[in-house]
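Shared between the two complexes below is chain A, which has chain B as its partner in the first and chain C in the second.
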Partner chain A sequence: MIRYIIKRLLWMIPVILGVSVLIFTILHFTPGDPVIMILGRDSTVEAQAQLRASMGLDRPFPVQLLSYLKDVFLHFDLGVSYNTGKSVSEEILFRFPYTFMLAFSSMLISVLIGIPLGVIAAVNQNKLWDRISMFIALLGVSMPQFWVGLLLVLLFALRLGILPPSGIGGPQYFILPIIANAFGGIASMARQGRSSMLEVIRSDYVTTARAKGVSKTGTIFRHALPNALIPVITVAGTSFGRSLGGTIVIESVFSIPGIGAYMISGINNRDYPIVQGCVVFLAVTFSIIMLLVDLMYAFVDPRIKAQYVSGSRKRRVKNEKKDR
Partner chain B sequence: MKKKLTAVTLAMAVSVMLLAGCGGAGRTDAGGTEAERTTAAGTGTPAAETSQPGVQDAKGEAEIDEGRTVGTIDEITINVSSDIADLAPFSVTTNGRQSVLPTLYEYLAYYDPNTESGIRGILMKDFEALDGFTFRIEIYDSIYDSAGNHITAEDVAWCFNTYHELGISGLAWLVDYCKPIDDYTVELKLMSDAAGQFENVICGQVPIVSKTAYENSPDGMTEKVVSTSPYIVDRYVSGSQLVVKKNPDYWQKDDSLILDVSRANAETITFNIITESSQTAINLETGAIDIAQKISSTEASRFIDGEDADQGYHVFGTGDSNIYLLFFNMSEDSVFHDNQALRQAICYAIDTDGIVQGAAKGSAKALKAVGNPICVDYNPEWEQQDYYDYDVDKAQERMKESGYDVSKPLRIMCASTEMSQSISQIIQAYLMQIGIQTEIEVYDSALFSTYIADPTAWDMFVDTRMNNDYVTTLSSILARKGDTPAVNFCEDATLEQLAAEASGATGHSAETVEAYMQYTKEQAYVYGLMSITNYYVTNDKVADIFVNFKGLVVPGACRYYTQQ
Partner chain C sequence: MTDNSQHFLSVEDLYVEYETENTVVHAVNGVSFTLEKGHTLGLVGETGAGKTSIAKAILGILPDLQARVSCGRILLEGRDLLKLSEKEMLKIRGDRISMIFQDPMTALNPVMQVGSQIAEAVRLHNPVSRREAKKKAVEMLEMVGIPADRYHEYPHQFSGGMKQRVVIAIALACNPQILLADEPTTALDVTIQAQVLEMIVELKKSYSMSMLMITHDLGVVAEVCDEVAVVYAGEIVEYGSREDLFDHPSHPYTKGLFGALPDVDRDSGRLNPVPGLPPDPTNLPEGCHFYPRCSRRTDRCRESKIEMAEIAPGHLCRCFAEGK
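For the complex of A and B:
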């Protein structure tokens, strides 16, 4: 298992290198000049040339790329913002807790509500509870996050006056953004959960378990659910990884200084170091989340755990044979 | 039947759930019971008429409600519409920074169009123009920053030279040099003698800080500010909030010499970054902020009489420092090059009043010249003159004269703001009336800025330009100057000569301005569309607001009711 984790961590190096090269290249050749964004549309050509030189943007593309890669991989430095001169790494680390809290809480709520909804829908297929669950799921999928967010603000902040409309003053400030962010997740979790459960509860081993006298609840929770959870974990992991890159809409609606808001400001201002830094950071976090998801498969499914273990055992036996 | 009943019940339940959030805004009396105010005006703002009932002009002297006293307040909260990014004195200008810099730092002077010279000293005691380019500036000898550093001429010179060397502002090139003459006098030389440039540089571009304090600052003052301002930073959360507290040791002890802009009428000011425009009004209604600045006319209308949230709120309006213009491509290969009749046909075909109604919902003023009515050299007589007033017949006549082949559509380029897109769509509709087909090309700000410099990328573009001091200031972009081309690639020796005469500090007079403006109008290289009205809404804690020449509220300078 440890070897597997180390191998996966080592695989992250080429992934991050590829992402860094790709994002740097894309931004370099994207129209839109950061110098004009800084100096304004009516600035003189001389002033633009002077600033371009001082920012190092007049150097050939390969030189700029190598310099960037050297900073990222040798010094772990994501550069400084063109606009503020502040370190991108520091700013990302400052903003990450807000994004993490939002993403993690939303995922937790999505899992805690979405999976039971999916299970209820599956075990009561084509009955009232199935329809209610799937209607809620349909609503969640259909309604855009910003709209849900604004509706929640109108109801809980403006009409009832029990929660603040935006900002980051305390825990109460995160309630509405988390609910708005989780709403879509609950829906996809419920739909995925229902579909997986339906597949599993029609399996022979579930029928066998029921025939042997295991109760319905016991069959669902002990036999069906663990197997049905694998695709759900994939969905949860992917959406969590994506959320860590910044829940852009929610951060914007609720004025949360997260990574998404930071990246959007970087894109709008053509502040390349911010965009590159956020994308590289996203690549790293996404890779780690995906690794954790793979490890969770082993936790919920003994067959996968057995594969990891048998892989290690085979290698051990092979090595022993070699030694002999 | 059972299934149908279930479906109907579910649908009803969902509808009720959704409508619960959609209902009208609740009446939130955020600051008192008084609802009828006659006037409550701000100071220091360029004049602009806002004749809407229920909207007060942010200008002139305030009339205070009877039985209430006006003075200072413990705490006030205001919105900032975009990220502040950082607090450093010399950094890239953004809208967010512009909102907080006048509170964090002081400049040599403040631009006040209501005074004769337009300049009122803050740190500057006096100044003398040696010629159109060179100025001798004397500062007060008692200036100290919040860390106790004494500010001298050397600091002032260092600030101007640093601003110039960093080159991170479009106006940095204007400074040639700044050198100390004695302890409290500097000589500032500019690269241009155009009217308004001296004011531009000393009033809102270069914050004055102590060289020692700046060099000792571990972060270049990006978060820990040391300045001469009446406020000091208490807390800054990047991307979210800035809290400042009154500086008890503010250097200017003579009350008669403290300008309104340097007043500290609130003990604590909180700037909340709220990027989502609809959230600004909601924050005001819930009491999360006390002043909502630059909110849309649609949002502002909710606070004007007869709407949901009118109780205890005051709406102020003032002309924006930016104006909307339509630029014609004057490069050699353009259809507009050497075709004055075509340009005029388009101008006659556009109803600027229609744009005011359609794009700005009436909260704007149609332009009668390529200049902002708030400018000090704006001639009120232009209001009565014909400025391509909407006339389809005349437009069609000019079209015939132009000999333009309508088979090829023209491209209107604009930035992806709601207003620019609306204006472009309305222009597109008007031009169809005279047979001109157009395509609208919308780009984000960065791409728009890049494509403007490419004469093959557009035929016309809609854009805003700041114009809050002199109408002739715009000549710097409308007329070619040396190697720098005009923004629409216009090359006209007569225009360049008239612009040089009218905008030069020595040649700027009513006659030269008139000659320049009439020529600009006749040639129609650029067509003035409208100047919009900015709205500011406050709750009942605020007696009057102070809007600076950039159209932003300076919360410390506002006046507040001390007794509710």
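For the complex of A and C:
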């Protein structure tokens, strides 16, 4: 198992390298000159050249790329913002807690509400409860996040005045963004949960469990649910990994200084180091989350665990044979 | 056959229907039989004849959304199982009546240790501690020929025959009085079939259980059954002792089944299968269900349903041609 984890961590290096090269190259050849963005169109050519040289942008592309990769991989340095001159790494680390808080609690809420909704729907297939939970799920899928966010602000902040509309402060500032962000998650969890539960409750081992005399709730929670979890974990993990890179829409609607908002500002100002930094950061967090998801599979399903450890096991058996 | 209360298990006029969107599948159509203590009744018939539905109806584990018992009584020592509440049935399932399933590959929960799947059955019906249940489960494993140290392994680490042994261990964990064996050897290799069958027969004897052996294999019937009921299109078409049936097969369908068996003594070359296909259970033929495939049909056979008639003491047949 540990071998597997180490292997996966090592695999992250080429992934991040590839992402870094790609994003740097794409941004380099994107139209728009950061020097002009900073100095304005009516600045003198000399001033522009001077700034360009001081930012290192006059060097040939391969040299710039290599020096960027060197900074990222050897010094964990994502560069400095063109506009503010602040370190991108520091800024991301400063903003990460907000994004993490938002992403983690939304994921938690989607799991805690979405899975039970899906289970209820599957168990009462085609009955009233199924229709109700699938209606909620349909709403969640079809309503865009920003719109849910705005509706929530209208109701709770403007009409009722019980929650702040935007910004950061105490925990109450997080309530609306988390609800808005979790809404879609609840919906996809419920739908995924329902379909995988439906598949599992028809399987033979659930019949075996019933034949043993296990009660209906017992068959659902002890036998069916653990088997239905894998697709649900995939959905939860993917959306969590993605929102760790910043929930761009929600952060903009609620003016939360998270990574998504940071990336948007970078894009608007042609502040390439910010954009590159955010993308590389997203690649790292996403890879880590996906590794955790895979480890969770192994925890849930012994067949998958067997695949992870099979390599080392075969070797062990071979060694044992040699010993004899 | 009027007063069935003194029989151990008696099934009377059982009808099972499966409902899909707009069709009704008539799986079991008026099946009656009795099973005495210590006896083995074989239910023989083609795939789709309704044999499994009979067993599942006895145990009350038909899929509740689509299937229902539309008519009939199932008396266990005079008590109608169909009238019992779900809670009362939970006490009977796995404890007094248990079932072995057809496909061991899918009958075990893939994410649960095999030992705990046995221990679960023990704990459901006996007031024992976890440790005692585990001890009993280990005993059961050893009884079906699986070493105790495989208790903590998962179904994917077992071969098909081993899995079927585990399924048998689960079924016998609470010393049931009736064992419903639903084609327990069909999915196994021929060599393993013999082993597993022998084990079932021995355990049946040592536990002095009654058994309902569902099979399409006349060889299995010859080996284990005392009485045999031939099922065709959800009806029993012939019923009698094993000797009656093997020595004097009477219903044209039963004769057809024997005709489809290769006879090693007489090198007959081609087999004589029953011509045609089983009838569509959503649209059964009027009168005798076997009419379209029967070699001895007369116009009378189509007019009305044929009743079972005693052609020899204890040997019943549902056919005009044999009725007198």
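Methods note: the second predicted complex is superposed on the first by the 315 of 324 C-alpha atoms of A that agree within 3 Å, B and C clash if a C-alpha of one lies under 4 Å from a C-alpha of the other, contacts with A are read in each partner's own complex, and residues count from 1 in each chain.
Just so we're on the same page, a contact is a pair of C-beta atoms (placed from the backbone, for glycine too) under 8 Å apart; a residue touches a chain by one contact, two chains touch by 3 or more.
Note that the structure is a prediction, hence the values are computed from the model and not measured.
In the superposed model, A:Phe299 makes contact with neither chain B nor chain C.
Shared-chain residue A:Ser54: touches chain B; no touch with chain C. Once chain A of one complex is fitted onto chain A of the other, the partner contacts of A:Glu46 are limited to chain B, with no touch recorded for chain C. Looking at the shared chain after the overlay, A:Arg270 reaches chain B, while chain C stays out of its contact range. When the shared chain is aligned, no partner comes close enough to touch A:Phe73: not chain B, not chain C.
Of the two partner chains placed around the shared chain by superposition, neither chain B nor chain C is touched by A:Trp11.
The partner of chain A that touches more of its residues, comparing chain B with chain C, is B. Shared contact residues of chain A with chain B and chain C: none.
Note for the complex: chain A touches chain B at residues 31-34, 36-47, 50-51, 54, 81-86, 91, 94-95, 128, 131-132, 135, 139, 150-155, 157-159, 161, 164-168, 252-258, 261-262, 265, 268-270. Interface of chain C with chain A (complex): residues 56, 59, 61, 63, 65, 86, 90-95, 98-99, 101, 103, 106-112, 120-121, 124-125, 154, 156-157, 167, 170-171. Chain B contributes residues 6-7, 10, 14, 18, 20-23, 25-26, 28, 82-83, 85-86, 88, 91-92, 94, 167-170, 172-173, 220, 222, 237-241, 272-276, 278-279, 282-283, 285-286, 288, 444-447, 449-453, 463, 465, 476-477, 483-484, 487 to its touches with chain A in the complex. Chain A makes touch with chain C in their complex at residues 125-126, 202-205, 207-216, 222-223, 226-227, 300-303, 306.
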